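Each of the next two complexes has chain A plus one other chain: chain B in the first, chain C in the second.
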Partner chain A sequence: MRENVGAAPDLIDTRTEDGVRIVSPRIKRLDAAAAPAVKAAFTREIEAGHTRLVLDLGQVDFMDSSALGAVVSCLKAIGGRGDFAVSGAKGAVMKLFQLTRLDRVLKLHDTVEAAAAAIRA
Partner chain B sequence: MIDLQQSDSDDDAGLALVAPDDPAATHVLVAEDDPMMQQFMQVVLEGLGYRVTVVADGRAALALLEREPINLVITDFMMPHVDGAEFCRRVRARRGGRYTYIILLTGRQDSEALIEGMEAGADDFLNKPPDVHELHVRLEAGERVLRLERQLERRNRKLIAANERLRQAYRLIERDLEAAALAQRRLLPPPRDLGGLRFDWLFVPSSHVGGDTHNVLPRVAGRTAFFQIDVSGHGVPAALLSVTLQRLLAADSLDLGGDAAAAGRALWDDPCRLLAELNRRFQTTDDDSTYFTMVYGVVDHATGEVVLTQAGHPSPLLVSPEGAVQVIGTGGLPVGLLPDIACEELRFRLEPGARLLLHSDGVVECTDPLGVLFGEERLMAFAAETASLKLERALGDLAERLKTWRGGSGYDDDVSVLVLEKS
Partner chain C sequence: MAKRGLTLFLDSRLEQLSLLAVAVRAVCHETPLADDTIDRVELALVEAVTNVIKHGYAGAPDQPITVRVELFDDRLVLTIEDQGTPIPPELLEAVAASGPPAPTLDPSTWPESGMGLGLIAAAADALAYAPSAGTNRLGLEWRYPPDGAA
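What follows is the complex of A and B.
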C-alpha cells in the first residue's frame, strides 16, 4: 500500500547543463516502487519543454523489470521531438541493458558529461 | 467501502444529553456522614439542578455505584467503614465500565488528607464547608472530563468497528488472492515424462499471484514446445497478463492471427515468427507499460535438437550429464517494449541425460539479508553439482538453497525454474 515510499520526488535531482536537462535518481535500487517517480520526473521535464534529456544512473546499483519499462517509456516519450541519453550504467544495470538488448537502442555513456555532450552535438 | 471518517454526529447527540444547560440529567452521589453537611449538600446541589443521592459512608457509596450508573461523586474524607481515600482506591481498582469522577471534601487545613486522597485517585477536592460557586464550577469541570471520556469511548468503539471492517475486507481480498493463486498454479503443467523427454519445475510467486508462468506443450508426435515467461512488475497486474499469455500459448490451435500456411512452418514451431506476433499484439502503451520477457523453444524428443528464442529473459543453461554448464544465448529485446523486435534463433542439441534449465530473473536476483544477489554463477555451480541427481531432487535442493539464501523472508520477485531433461 505504501509502495511509493522509497520514491519520493526529492530523491530525484534535476539540473540543466548547457541546455541539456540531467535527471539523476539518488536511488540505489530502482525497482517497482521507485519506477513511477522516475517516469513522473521525466514527464514533468518533457512537459516543461525540455527536449534534450540525460538519465543519470550513476547512483543506481540495481534495476528491475518495472524500472526498465520506465526507462523505455522515457525514451518513447521524448521520441522524435528531442534527444535522450543514459549515463553511468554499470554492473547489474549494464547487464540488464545488455540482456534486453537495450544497450543497442539507448545511447549509453559512461559519464553525465559525455552523455550531455553527445546529445548537444 | 470502508470509511474511517464517519461523521461524529451521534457524538453531538450524546453531548446534548449532558449539556451544561441541562444538568438535571446528571446524577451526583454524595458520601457524607455528617447530617448537617448531608442536608446542606442535598439542598445546594438540587438548587444547582442536579439529581442527588446521599449515603452515609464509603461502603454504601460503593454498593450504590454497583447498582446505578453514577459517574460523579462527592465524598467526605473522614467516614466510618470505608473512608474517602479507601473509597477512591476501591473505585479506581474496579475494572471496566465508565470513569467515575471523584471530588474529595476535606477540612480547610488538612493537607495530609488532601494528598492521601489525591494519591488514592480523587480527581479534585473542595474545602468544607464548600462555597456554592466553587462547588458549581468544580462539578462542571468534572462533567467536562466525563463528557470527554464518553466521546473518547465512543470514538474508540467506532475505531474498533472500522478495524473489524478492515479485517473482514482484508480476509476477503486474501481469500480471493488465494483462489487466484490456485487458479494460476493449475495452469502449470504437472511434471511428467513425455517419452524421451522429461520435465519438472519450481514456482514460487513473490505474493499470492505473480507474473511468472511456463508450460511444456507436446504438439505433434515427438515435438514439444516449451516456454517460460516473466511479466514485468508483480502481483495482480502482472498475473493478469501472465494468465492471458499462458492461455494463448497453451491453446491447441495457437491461433495468433499469423499466416501459418504461408511460412510452411506452424506458428508454434517457428519461435521467431511467434515472438514477432506476440510483440505486435502486446505493445506497451502510455497507460500500461507492462511487458514481458520470454524464452520460447521447440525440442525434438528423438534427436534432442532444440530451437529457441530468448526475449530479454535470463539465458537458459545447458547442463551435460557430467555437469558441464553452458550458457545459451546472450539476450534479446523483451516482448512489447519496442515495435521492432530483432529475433535470433538459437539451435543446439540436448544429449541423452542433458538438461535445459530455464529460469526467471527472480532466481539470480534473489538477495540474501545483506543484499547479495544469488547470481548466475551460483546457479551454474548448483546446476553442475546436481547434474547427476534425479531432477525432482535437484529442484528440491535448489528450492532449499534459495530459501536459505533469503534467510527466512519471502521473495521480492517470482522465482521460477523449468527444467527439460532428455532421457
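What follows is the complex of A and C.
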C-alpha cells in the first residue's frame, strides 16, 4: 500500500515490499530547494525503523549535490544497521553519481525490483 | 563575439533554480551539444547558482544574480555574475585541479556538503573565475563535438 510522507504529502511515496522500504520521490527536480524535504522524509523513515531502503529515482529528472548530501546523510544514519540501494538513476541524475564517483561505490540498479532483490540477498 | 545569446536576471532564491535550469537547458538544445553534455551544463549551472545563493549571499533573498548564455561557433559559454562574497581562490584552485575526491567504500567518510565546486569543475570543459570590483564572474565553457555544426 502506498503512503505519503510528511509535510509535503505529494512529494514522496513510500511502500514496503517483502521487508524492504521503497522511497520514491515524485519531484522531478531534486535540487537545493527540495533537499530539505528529501532529508526529512528519509529521517522519518529511519526513525520509524526502516533501515533496508531503496531510493527509487525513476521519476526524478535532475538531482544536485544538495539532494545528494541529504541522501548521504541518511546513509550515514543507517550505518551498519541496514542496507541501502538506488534504482532508476538516469540522465542528469546518473551524471551526478558519475561526476562525484559515487557510481563506483553505491549500489545502483535499473529497477526497483533489482535494487530490492539486492538488499534481500 | 557570440553569434547569439541571452541574459537572464534572477534574485537569490533557491526556488528560482528550476526555472533557470529549464531555460538554459532549452537554449542548449539549440546547439550541437550532446544530451550527455547538456546534463553537465545543467548540473554546473545549478551548482554554481546554488553556491552563490547559499555561500556568496549567505541565504539572503532579493540579491542579484545574472546568467549570460552565449553561443559561439564552436562552444557554449555560461557566465554567472553576483555581488556576494567571492569564492576563496585556494578552494577553487584545489577543486579545479582535482575535481571531487574519490569516495571510499565506507559511506561514513562521504561528504554531505561542499561538493558543489568540485562538481562544477568536473562538469565544465573549462572554468574561469574573476572576482573584481565587487562583482564575481564565473565563466563556464562547453565545446561542441568536432563534427557538430552550430
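The criterion applied here is as follows: the second predicted complex is superposed on the first by the 113 of 121 C-alpha atoms of A that agree within 3 Å, B and C clash if a C-alpha of one lies under 4 Å from a C-alpha of the other, contacts with A are read in each partner's own complex, and residues count from 1 in each chain.
Basically, a residue touches a chain if its C-beta (ideal position, glycine included) is under 8 Å from a C-beta of that chain, and two chains touch if they have at least 3 such contacts.
Predicted model, so just to flag it, every value in this text is computed and none were measured.
Q: Does the chain A-based superposition show chain B and chain C clashing or fitting?
A: Verdict on chain A: clash between chain B and chain C.
Q: Once chain A of both complexes is superposed, is A:16 in touch with chain B (first), chain C (second), both, or neither?
A: neither
Q: Please work out whether A:33 is in contact with chain B alone, chain C alone, both, or neither, and reply first, second, both or neither.
A: Touch partner of A:33: chain C, not chain B.
Q: Which of the two partners, first being chain B and second being chain C, lies in contact with A:101: first, second, both, or neither?
A: Touch partners of A:101: chain B and chain C.
Q: Return first, second, both or neither, reflecting whether A:111 touches chain B, chain C, both chains, or no partner chain.
A: neither
Q: Using the touch definition from the top, say if A:73 reaches chain B (first), chain C (second), both or neither.
A: In the superposed model, A:73 contacts both chain B and chain C.
Q: Check the residue A:92 against both partner chains and state whether it touches chain B (first), chain C (second), both, or neither.
A: Once the two structures are laid over each other on A, A:92 reaches both partners.
Q: Chain A residues in contact: does chain B have more, or chain C?
A: Partner with more touched residues of chain A: C.
Q: For A:65, decide between first (touching chain B), second (touching chain C), both and neither.
A: The answer is both, since A:65 touches chain B and chain C.
Q: Which of the stretches 203-211, 257-265, 275-283 or 347-355 of chain B runs into chain C once the two complexes are superposed on chain A?
A: The superposed arrangement places chain B into chain C at 203-211.
Q: Jot down the residues of chain A that show up as touching in both complexes, chain B in one and chain C in the other.
A: Chain A residues touching both partners: 31-32, 62, 64-66, 68-70, 72-73, 92, 99-102, 105.
Q: Which of the residues in chain B come into contact with chain A in the complex?
A: 230, 232-234, 284, 286, 289-291, 293, 312, 314-315, 330-334, 337-338, 342, 361, 365, 373, 412-413
Q: Within the complex, which stretch of chain C touches chain A?
A: Within the complex, chain C touches chain A at residues 14-15, 17-18, 21, 35-36, 39-40, 42-43, 46-47, 50, 53-54, 99-100, 102-105, 107-108, 110-113, 115-116, 118-119, 122-123.
Q: Going by the contact rule set out above, which residues of chain A touch chain B in the complex?
A: So the residues of chain A in touch with chain B come to 31-32, 39, 62, 64-66, 68-70, 72-73, 77, 92, 98-102, 105.
Q: Touching residues of chain A toward chain C in the complex: what are they?
A: For this pair, the touching residues of chain A are 29, 31-33, 62, 64-66, 68-70, 72-73, 75-76, 79, 91-92, 95-96, 99-102, 104-105.
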